[in-house]
Each structure stands twice: as structure tokens, then as C-alpha cells.
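Alright, structures below, take your time with them.
Two complexes, one shared chain (chain A), two partners (chain B, chain C).
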Partner chain A sequence: MGRLLDQHFPVVALAPLIVALLVLTVYPALQLVRMAFSDVGIVSGGTTWTFVGLEHLRTLAEDRTARIAFTNTFIFTIVVVPIEAALGLLLAYLVNQTRTLGAFYKTVFIVPLLLPPIAIGALWRLMLDYNYGVVNQALLAIGIAGPPWLASPTLALPMVMLVDVWHWTSFMFLIFLAGVASIPQELGEAAEVDGATPWQVFAHVVLPILKPTIVVALMMRTILAFKVFDVPYLLTGGGPGTATEMINIYIEKVFFQQFRVGYGGMLTLLTALILSTFVIVYQQLSRRAEAAR
Partner chain B sequence: MRLRPGAVIRHGVLMTAVLVTLAPIAFTATTSLKFRRDIISGRFFDFDVTWVNYQRLFEGTRAVFGQLTLNSLIAGIGSTLFVLAIASLGAYALSRFRLPRRVSALVLGWLLFVYMLPPITFAGPFYLIARQIGLFDTPAALVIAHSVLTLPFAVWLLQSFFAEIPRELEEAAALDGCSRGGTFWRVALPMTLPGLYATAILTFVFSWKDFLFALVLTSTPRGGTIPIGIASFVQEWDLRYGEMAAATMLAAVPAIVLVLFAQRHIIKGMTMGAVKG
Partner chain C sequence: MTFHRTLRWLTTLLVAFALAPSLGAAQQHPPITILINESPWLAGFEVLVDAYVAETGHEVELNVTPFPGMLQRSRNAVTASESEFDLINLNEQWYSLFYAGGLVTPILDIDPEFVLDPQVIEYAYATRWNPDIGYSTEDGALYGLPINGNIQLLFYRSDLFEEAGLSAPTTWDEVEAAAQVLHDPPSRIGLVTRTAPTDWEFQSYLRGYGGSVIEVDDDGQWRVGIADPAAVEALERYIQLNRDYGPANYASVSQAEALSLMQSGRAAMAHVVGAAAPNFENPELSTVQGLVQATIVPGPTADSRATMSGIWVMGIPENLPDARKQAALEFMRWALTFDAQMLYARAGAIPVRQDVYETLGQEDGFGWMQAMADSTPFINAQPRVAEAPQIITAFADQVAAALLGQVSAEEALQTAASEIHRIMVAGGYDVAPLD
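Right after this comes the complex of A and B.
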């Protein structure tokens, strides 16, 4: 028996992974599809399923909040991703040029990435608190009455974006740091000898070399930005009203607060489909980037 | 150090970024050490240091953070062990043996796909399944759910580490009469210890960071984790600033420890998704 197992070791080694993936990912994915086309009732000790065809799609067509949630998520993504990329690239470029304190900068800049997002939400929730947050207390000290940052319909979404930039710039920094470090120093030095300014070196030497990395990083971060949940959940809960409603927050509400399991399934399925398109495009692009290297 | 204008500007920008990064954490750390009166009156520096906020998290009949911390640790350690076992075997098979190309491409492609989907995709189905099999509101449900979160990158990461071992070592072991299983256990695994460390650290951190699955798969402190405790402060009418700040610092402990002691191990894994794929 032992020898037989050993002969087929590759199969034996791979089997647990395959089984785990089937049970933990493929089966739930199939259930999600089934959910999207059913009404699911939760009764004691089980569930009841009724097939309803495309009814949930019809519900979606008339669902204003869902439309707002999708729009907000798009706006959020389009705003934060380029800012994080620009800041991350700037920091990576500067850190790569310093020998003194380089390790210190790197250490500090990866901290936000290791913190639980809910803790990041809490940090900023405390700082931006209307009454006792440090921001408004500091403003008061110089005679300004601070606004309710998170309860204002116009300020809430920018605040959520700001916190996201604080959180995710470190991710871009790490990716670009690897990219910048792989550029031979001589290239920049040669350009400087030829009389190029530091900005010209950056724009005409560094940027073109980094282009594939930048494309991949932007795509990757876009995919991740779509997952945004924890921080706005804690900061605003999607409010005030629907000002910071995001897809994932709305799905959680539909699913777990309104118990519309079937409709929640349809919303989830659509989100997954949108993201799948992104993922497929991303994989094509990164393969091309790999080939260009 | 010779000071050039370029260097001054460079360090000026970087130091500003350091300040922006650390200020919220420093501010919360001090808040967690203040009495309520010092928080309300806005004393930034001249406040009396107290541990009362931390005590309130853990002591008293309504204190839940002892249980929540235990659950966070169970979910983190449990899912890390589970994922390491499955992923190391699977990654070894994928990187070392000539499997039919279709099989390995399908498995790796599916893993990457799962990694990129929002976790909410699995939240709904997991909720129904957990209720059906009676795991709802238990740390065990989180062990399983967090494994889905971390299995993809664990396999990818370990695969890249196994690929770096010279094949000759394993061939030598085989010549010496070592079985294939024995070669994996006695040669390949010890050679990838740094990779296993990195994977274990990241798996634990991802589990520790999770909020969504804990939110949907638990409903009481019996199964909840630290992030659930932090989020529940916000639901209260009267925000308990000091305790919320203390709980936030508690949640930040692994991040602080890792940055100080295991930084080298984690950087490779954290950018993996962007480099591979």
C-alpha cells in the first residue's frame, strides 16, 4: 500500500489541493449561480429553493441604490488608483536613490499594508470624529469649526478615498520599488552626463522602461479596488444616505440585512463577471509585459 | 554626508511621507493611553498615561476581547496549518512532476482567478453552507473560509520557492533509495524553509486582517474576531474612543511585530500577485 501510494506520489500530493478547491471554491461558485436564479428561503435547519428565472435581473433594472453603488465604486476606483500609482512611483523612485535611511523608509512604507483594514478604518474614524477627533480639535485650536467629515454627503466619499490612498499607496510603492531597482544605474548617469535634468531622466529614461510594470500595477490595483469593503463599512457604512455606497457594502446589506439571498446572489454574480473581464484582460496584458521584458 | 539640494528635497519628501504614514498610528496609540477627560479636552501631549482602556477590553463581565483574540488566533493558526499542508504538497506536485499540461494550467489559472475575485463572492454560499452543516458562529467556519482566502497565493508562492531548488539534490536522494514522499519530506521541504516561513506569515496575516467572513459567518463573540469587536464600537450611540483606540492597537500588533522582525520574508509574497500571473 505504502509503495503504491509512493509510486503515484504526484497524484497523491495534488489530490488534497484539488479536493479542497472543488469543495471550497467550485461548489460554492456553482451554488452562487443557482442562487442568482432562485428565491432562497432560510428555514430552521435548511433552505428552500424556488427557481425564478431572470426575475432578479428585472429587480436590478429598477434598483436605484444598486446603480448608485456601481457608479460610486467606479468613481472611487478611477480616482484612487492613479493617485496611488503616482505617489507610489514617486516614493519608490526617491527611496531607490537614497542609500542613507533607505531601509527605514521601506519599513515605514509597508506598515499600512500589514494593518487590518478595519483597524485602518478605526484609526481614521477616530481622527475624523466630529466632536473629539484630532483633526477638528486642531482646527478648533486655530479658530476653525471643522465640518462633520464623515457625515457630510459631499465630504464622505472624498474622505473614504483619502483613507484608501493612505492604505494602498504602500502596495504600489512595493511593486514599483522592485521595478525601479531593476533599472541599471548607468542609464540615468549616462543621460545626466549628456546634460539631462533629473526630471528629464525620469520622464525619458525611467518611465519608458517602467511602462509594462505600470500597466500591470494599474490593472492589479483596479481589480483590488473593486473589493473595497472594510474601510467604508467602518467609516460611513455606505452613508450618509447612499453617498459612499459601494458594490460590496450594498451586497452585504441585501444579503445579510434584508435577507434577499437570491437577489444578493445575482448582484454578486454580476460583480464577479465584471471583475472576470478585468482579470482576463489583466492576464493578457501581464503576459505581454512579461514577453516584453 | 555631503548635502546636495537634490538630496535635501528627496529626504524632505520622504520624511513627509513617513510622517503622514505614522501620524494616524501614533495618534491612536496615545488615544488608547488616555482617560476620557483628556480625549474630550483635546490634550495631545500633557495627558496622564493610563492602561484603563486596555483593561476594559479584557476585564469585566461584558468584556469580549479575550474571547475575540482567542478566536482570531484559532482562525489564523488553524487556517495557516491547513493551507500550508495542502499548498506545500500541491505546489510541490505542480512545480516538480510532469503533470498533463492541461491539469497544471487549469489548477493554477483557477487559483489565480479565485484570488482576484472579491471575497464577497463566497460570502453568500459559505453562509448557507455554514448554517447547513452547523458551523455557523464558530471559529471553525473561519478556519475554512480563511483558507479559501489564502490558498491561492500560498500555492503560487510555494511553487516559486520549490522551483528554485536544484533538481540534482532530489535526484541524489532518489539514488540513495529515498522514496518520493521521503524526498519531499526530508529534502524539498527543509530546503524551502524560508519560503514556508514567508507563506505561513502571510497566511496568518491575511486571516488576521479578515473582516468580511467574520462578519457574515459569525453573530456573537462566541465565533467573532477582533475586527468584529472594533466594528461594533461604531454601532454604539456613544463612541468609546479610548477602548476603540486600544482595540485598534491590539489588532495592529502582528503588523508591528512583523515589520520589526520578519520584513524580509514578507515583501516577496506581498507583491506576488502583481509580478506573477
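Right after this comes the complex of A and C.
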């Protein structure tokens, strides 16, 4: 018995974790798949599930708002993630070089990350309000009539992106700062002795070493950016019209305002599949980055 | 020993006698829990509940939930084996889901003798459901009892109107004439309308011009009417008035923004929910206290005015034992009496009785209630099918696109009509093909 236990100890030790994982992850995922191919109705005292096959995919093909929401979310992700990464990396590199006030800059740059998204949404909404916002009041003071930042179909999405960049650059900054700080100073100094310019040190010493960190940071931010909900929801509610409609805002409407649980499940499943694709791509990139080191 | 045993027995008997009436009463009137939304009229509802508790001695608990959580909590309650709430407050836009699904109890199933006082406004029969055609109709069964009578009004600055020699507008032409005189941006705009979302206020134009989102004939055949010429004309008028006389962000004005423009004296007219009236009279919120009057929402002609119902009804979940249903109905029966509704209205809530509006409308500070009373014949229903939330999203998005100038009014409504037609067909309705 003792020998049997010894032989299978890893399995026995992991069993509770595996059961917990199955209950908390696999079961909900299977339920989501079931939901995506069913119509879920409510009746007094319960719900009814009717298998509808690919019906929700047919609905999706005709759903103009879902197409707009997916497009907006892709555009949003493609724009904000590289900007946040570039700014975060630049700030991390510069702060790491700073001999004085380093702690001050670190504190200042991570403040946006510490604020709850609700507060960020409310804060920026007030600042960008057309009639009473501080931005337009300031512009008016110098004789410029500010535009309706959040009510214009051309400005609303860039404004949502701006707020997101303000919020999440600090996250990238924090990750990259840890990466940059762990690079031995001697490497840069040796390159400088060999005549490398600061830019060459950054491009040929710092960046290659940071590549795995960058890939992981990009993967995390891409996933989070694609799942964006709170800030656009609070700033614009997806409007004006559908100008800032993101897929998660639309899923919320489908689930909780329109009561279309099955269709909402299909949209969620599709979103999860897109995110899984991102993860696979980034994993490949990560492997290549590791191999290159 | 015998003495002690006898004493214990007597004490038990006395306690049992003492408790028996209250236990009986508790069984007859179990405490009720009401799911109610967090709103400006909540304080009025709390006053109503306190008065009921004081008068009857029955226990009432309120479960106050922010608006975005109301639908989900209501749904959770009715799908549980027994609802945690005895009364659920259902919004105009989703009550039909609960009526159609049999998730709330027909009132006459609880009390076959129940008669709704004719002074209680039914808001184009939001109280009723006809399962044969799946719509709220006059001959439908009574499923919900109104508790908040939200409709739209047109508010206007009486001082500015008087100064300019204008009278309360009854038509959109008169609104435009007044706006031409009073529109002076950026210090003052002629007209502000809530346009985020677009659906509710636009529908008053739509109905005024004789259009409708969907309609059903006596044979139960449905028709999508939102792309009819009357609807296009309504949308063009809605866009033109808001674009020409609204704020620069006219296409995305939230309710809070619309109210703040009026409260701060920066708007001459506001087409918003009637429940906004107390804000204009509140000296802590308003710089135009005593200077704002209300009238019926105008129309293309004075005879074709339309205001939209946006009410809340109380439903009694089906998954409750009879005693709890009776107790819930008893509360609502009391809450709809004239005296209770007067108390409710004075406490800042929006009553649902015509006689209360007419009585209070004569008092200082409640003048807007006369406009509410006058609006009753002009109340129209929003789409009231189980798919209403989908239908409303479908046309609200298109109206917003037209308002933003991204598409023409005609294109927007044709797209909306196709989408609504698809939703109705998918819902199993007998729908006439689109023209």
C-alpha cells in the first residue's frame, strides 16, 4: 500500500487540484459551449435549454452590430497595445537611467494603474464633457470652442483609446522596469566602451535581452485590451451610435438587456477563441525569442 | 415537583396563547420583500412603504438595486425554485418578457374579485397581456400594477417665453419658432433632448407623425412600420430640430446632461422624462427654480401629439406560495389608493392616478402634474413583445447613426426595418413582408 502510494504520489498530490480545475474551469467552459448552441429560455422556477445547432452562427452572420463591435475591438487592440508597450518601455528605460528622482517617477507613473476603472471612467468623462468639462473650459478660456470629444463619431474612439493608454501604460512600465533593472549594467557599459551610442545600446543590448519579457507583456495586454469593457462603457456606453461599441459591451447588452443567453454564449465563445489564438501566436513568438537568446 | 410541573405547563400554555394571534397574523400576512430600483423616486417609495407599515403593522423589506442590475435580479428571482422577492419592479422595456413567459402571476388568479380602480392609469395597457397575440391589449389579462408613471413632457422656461411673447408650444413648428427666438449658443440653446439612447424620445415623434415601430392587426398579423414615409418624416424632423437648436453634442446627450442644461439655465426647452420636474424646482440643483413650466410633448399638429410610456409595473412572481402572493397584492392594493398615491407624489415620486395629478396640479410647486394629467390621452406604448429589448436596440442604433449624419433618415430606418423584421420572424411571429 505504502509502495503504491509512493509510486502514485504525484497523481494523488495533484488530484485535489485537478478536481478543482475541472470544476472551476472545464465545467464552465463546457457549459459555455452548450449555451452557444442552445436557446436558453426562462420559465417559472427554472430555465429551458433547446439545442439549436448553428443557428446562432447564422444570426451572427447577419448581425451588423456584432461585426462593428468585433471590428472596433480589433482596431482598439491593434492601436493601444503597441502604443502602451512603446511608451511603457521608453519610460522604464529612462527611469532606470535616472540617478535622481527615480522613486518619484516610479510612483507617479504607476498611479493610473492604482485607480479603479470606475473612477477613471468617471474622471475622464467629467474632464471631456462637452458643456462642463475642464478640457473644453480651458480651451474656451483661450478662445477655442472645444469639440464634443465623446459625442463625435470620429473623436469618440480615439478618446477611449487615449484614456486606455493613460491607464495601462503604467502596467507596461512596471513590467518593463523590472526587466530593464535586471539587466547587468556592465553589459551597457561594455558596449559604450566599444563605442556604441545610447540608441545602439538600447537597440542591440537592452531590447534583445528584454524580448521574452516584451512578448509576455504584449500577450497580457492584448488579452486585456480585447476584453476591454469598463472604460468605454463608462465614457461612451458604446456610442455615439456604435462608434465605440466593443465586443464585451455588446455581449453585456445581448446577455443582460436583450436576454439572448444562447446568442450571448456564442459571442463569448467566439471571443474566447480569438483570445486563444492570440495566446498561441504569442507562445510561438515567446519560444522564438527564448531560442534567439 | 408537581407544583413545578404544573407551573411549567401553565407557563407554556400562556406563552402559546400569547403567540397564537401573532403567528396566525404572520401566516396571513407574511413579511414581503420588494425588488426596487435605485432612482430619484426611491425616497417617495420609501415614504409609501413606511406609511403602509405604520398603518397595517405588516412587515415590508426593500431590496434596492441599481438600474443595470434590475433585469438580472428579477430573472434570477423568477427562475429560482421560490422567488426571494414578493414584488418585482418591472421596467417598460422588459415587463413583456415576464408576462409572456408566465413568470408573474395574473392578478385575478390571486384575487378573482380584484378590480383596478379606473383612476389608475394603465399606460396604454402596460398592465395587461394578451397571450393569443403576445401583446399588451385592452382585453388582455391583468398581470402587473403600475407603480411609477414615467412619461415624457416638454419643459420650457416660462420667463423667456413670456418675455418673447410666446405661448406653450403644441406643435413642432411652434417649438421651432420659439427655438429660433431663444437659441443663442453657447450661452443658451433652444431645445435639448435626451439622445443617448435615442429610442424613447424619438418614438414620440414617430407616433405623433402616425408611424409605429411594429403593429398588429385584429387577425394577429404583424407589420414592421418603422420605414414608412411617416416614420422617415418623423426622423427627419427629430434630427433637424435637435441639430439646429440643440447643443453641439446634440447626438449624444445623456439624461443627466439634458437635465443639467435645463437646470443651469442653458436651455430654453427640454424634451425629457416628466420625472425630471422636481429637479427644476430644487434650489440645490437648479438656478431656474420657479421659472420652468411643463406641457404635453408637441406633435406635427396639436391633435396628433404623442408622449411615450416609460413606466414601471409591479409583478408578483409565479413561483411564490399563495400566502405571499396575497400579501404582495394587499400591499399594491393599498399603494394604489388615492390617499397613498397623494402621499407618494408629495414625497417626490411619480404617481399613477389621474385624480392625483389633477388634484396636485392645482398646487404651487406641482404645476407640472397638470401637464402629466393632460398628457394621459396622448400616452403611447413602446414595442411590447418579448423581443422588445432587441427591437429597441435595432432601431435606436440606426436612429443614432442618422442623428450623427452617418446615414440618411430613410437608409437608417430601412436598415432598422430589415433587422426588426428578421427578429420578428426569428421570434415566430406572423409578419407581413417588408414593402
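Just a few scattered comments:
In this text, the second predicted complex is superposed on the first by the 251 of 293 C-alpha atoms of A that agree within 3 Å, B and C clash if a C-alpha of one lies under 4 Å from a C-alpha of the other, contacts with A are read in each partner's own complex, and residues count from 1 in each chain.
Definition applied: a residue touches a chain if its C-beta (ideal position, glycine included) is under 8 Å from a C-beta of that chain, and two chains touch if they have at least 3 such contacts.
This is a predicted model, so every value here is computed, not measured.
When the shared chain is aligned, chain C comes close enough to touch A:T242, but chain B does not. Contact with chain B, but none with chain C, is seen for A:L21 once the two complexes are overlaid on the shared chain. In the superposition on chain A, A:L187 contacts neither chain B nor chain C. Of the two partner chains placed by the overlay, only chain C lies in contact with A:T59; chain B stays clear of it. Of the two partner chains, both chain B and chain C are touched by A:I42. The partner of chain A that touches more of its residues, comparing chain B with chain C, is B.
Once the two complexes are overlaid on the shared chain, A:A217 sits against chain B while remaining clear of chain C.
In the superposition on chain A, contact of A:F259 is made with chain C only, not with chain B. Judged by the touch definition given at the top, the superposed model places A:S286 against chain B, while chain C stays out of reach. When the two complexes are overlaid on their common chain A, residue A:Y132 makes contact with chain B and with chain C alike. Residues 42, 46-47, 129, 131-132, 237, 256 of chain A lie at the contact with chain B in one complex and at the contact with chain C in the other.
Taken together, the chain A residues at the contact with chain C in this complex read 41-47, 59, 62, 64-65, 129-132, 145, 147-148, 150-153, 236-237, 239-243, 253, 256-260. Contact residues of chain B toward chain A in the complex are 1, 6-7, 10-11, 13-14, 17-18, 20-22, 24-25, 27-28, 31, 39-40, 42, 44, 85-87, 89-90, 92-94, 96-97, 99, 103, 107, 110-114, 116-129, 131-132, 144, 147-148, 151, 155, 179-181, 184, 205, 208-212, 215-216, 226-227, 230-231, 233-234, 239, 241, 244-245, 247-248, 251-252, 254-256, 258-259, 263, 266-267, 270-271, 273-275, 277. The residues of chain A lying in touch with chain B in their complex are 5-7, 9-14, 16-18, 20-21, 24-25, 27-29, 31-32, 35, 40, 42, 46-47, 90-91, 94-95, 97-98, 100-101, 104-119, 122-127, 129, 131-132, 134, 137, 140-141, 166, 170-171, 174-175, 178, 198, 216-217, 220, 223, 226-227, 229-230, 233-234, 237, 248, 251-252, 255-256, 261, 264-265, 268, 271-272, 275-276, 279, 282-283, 286. Chain C makes touch with chain A in their complex at residues 68, 71-72, 75, 78-82, 94, 97, 101-103, 186, 196-197, 247-249, 251-253, 257, 260-261, 266, 317-319, 389-390, 393, 397, 400-401, 403-404, 406, 415, 419, 422, 426.
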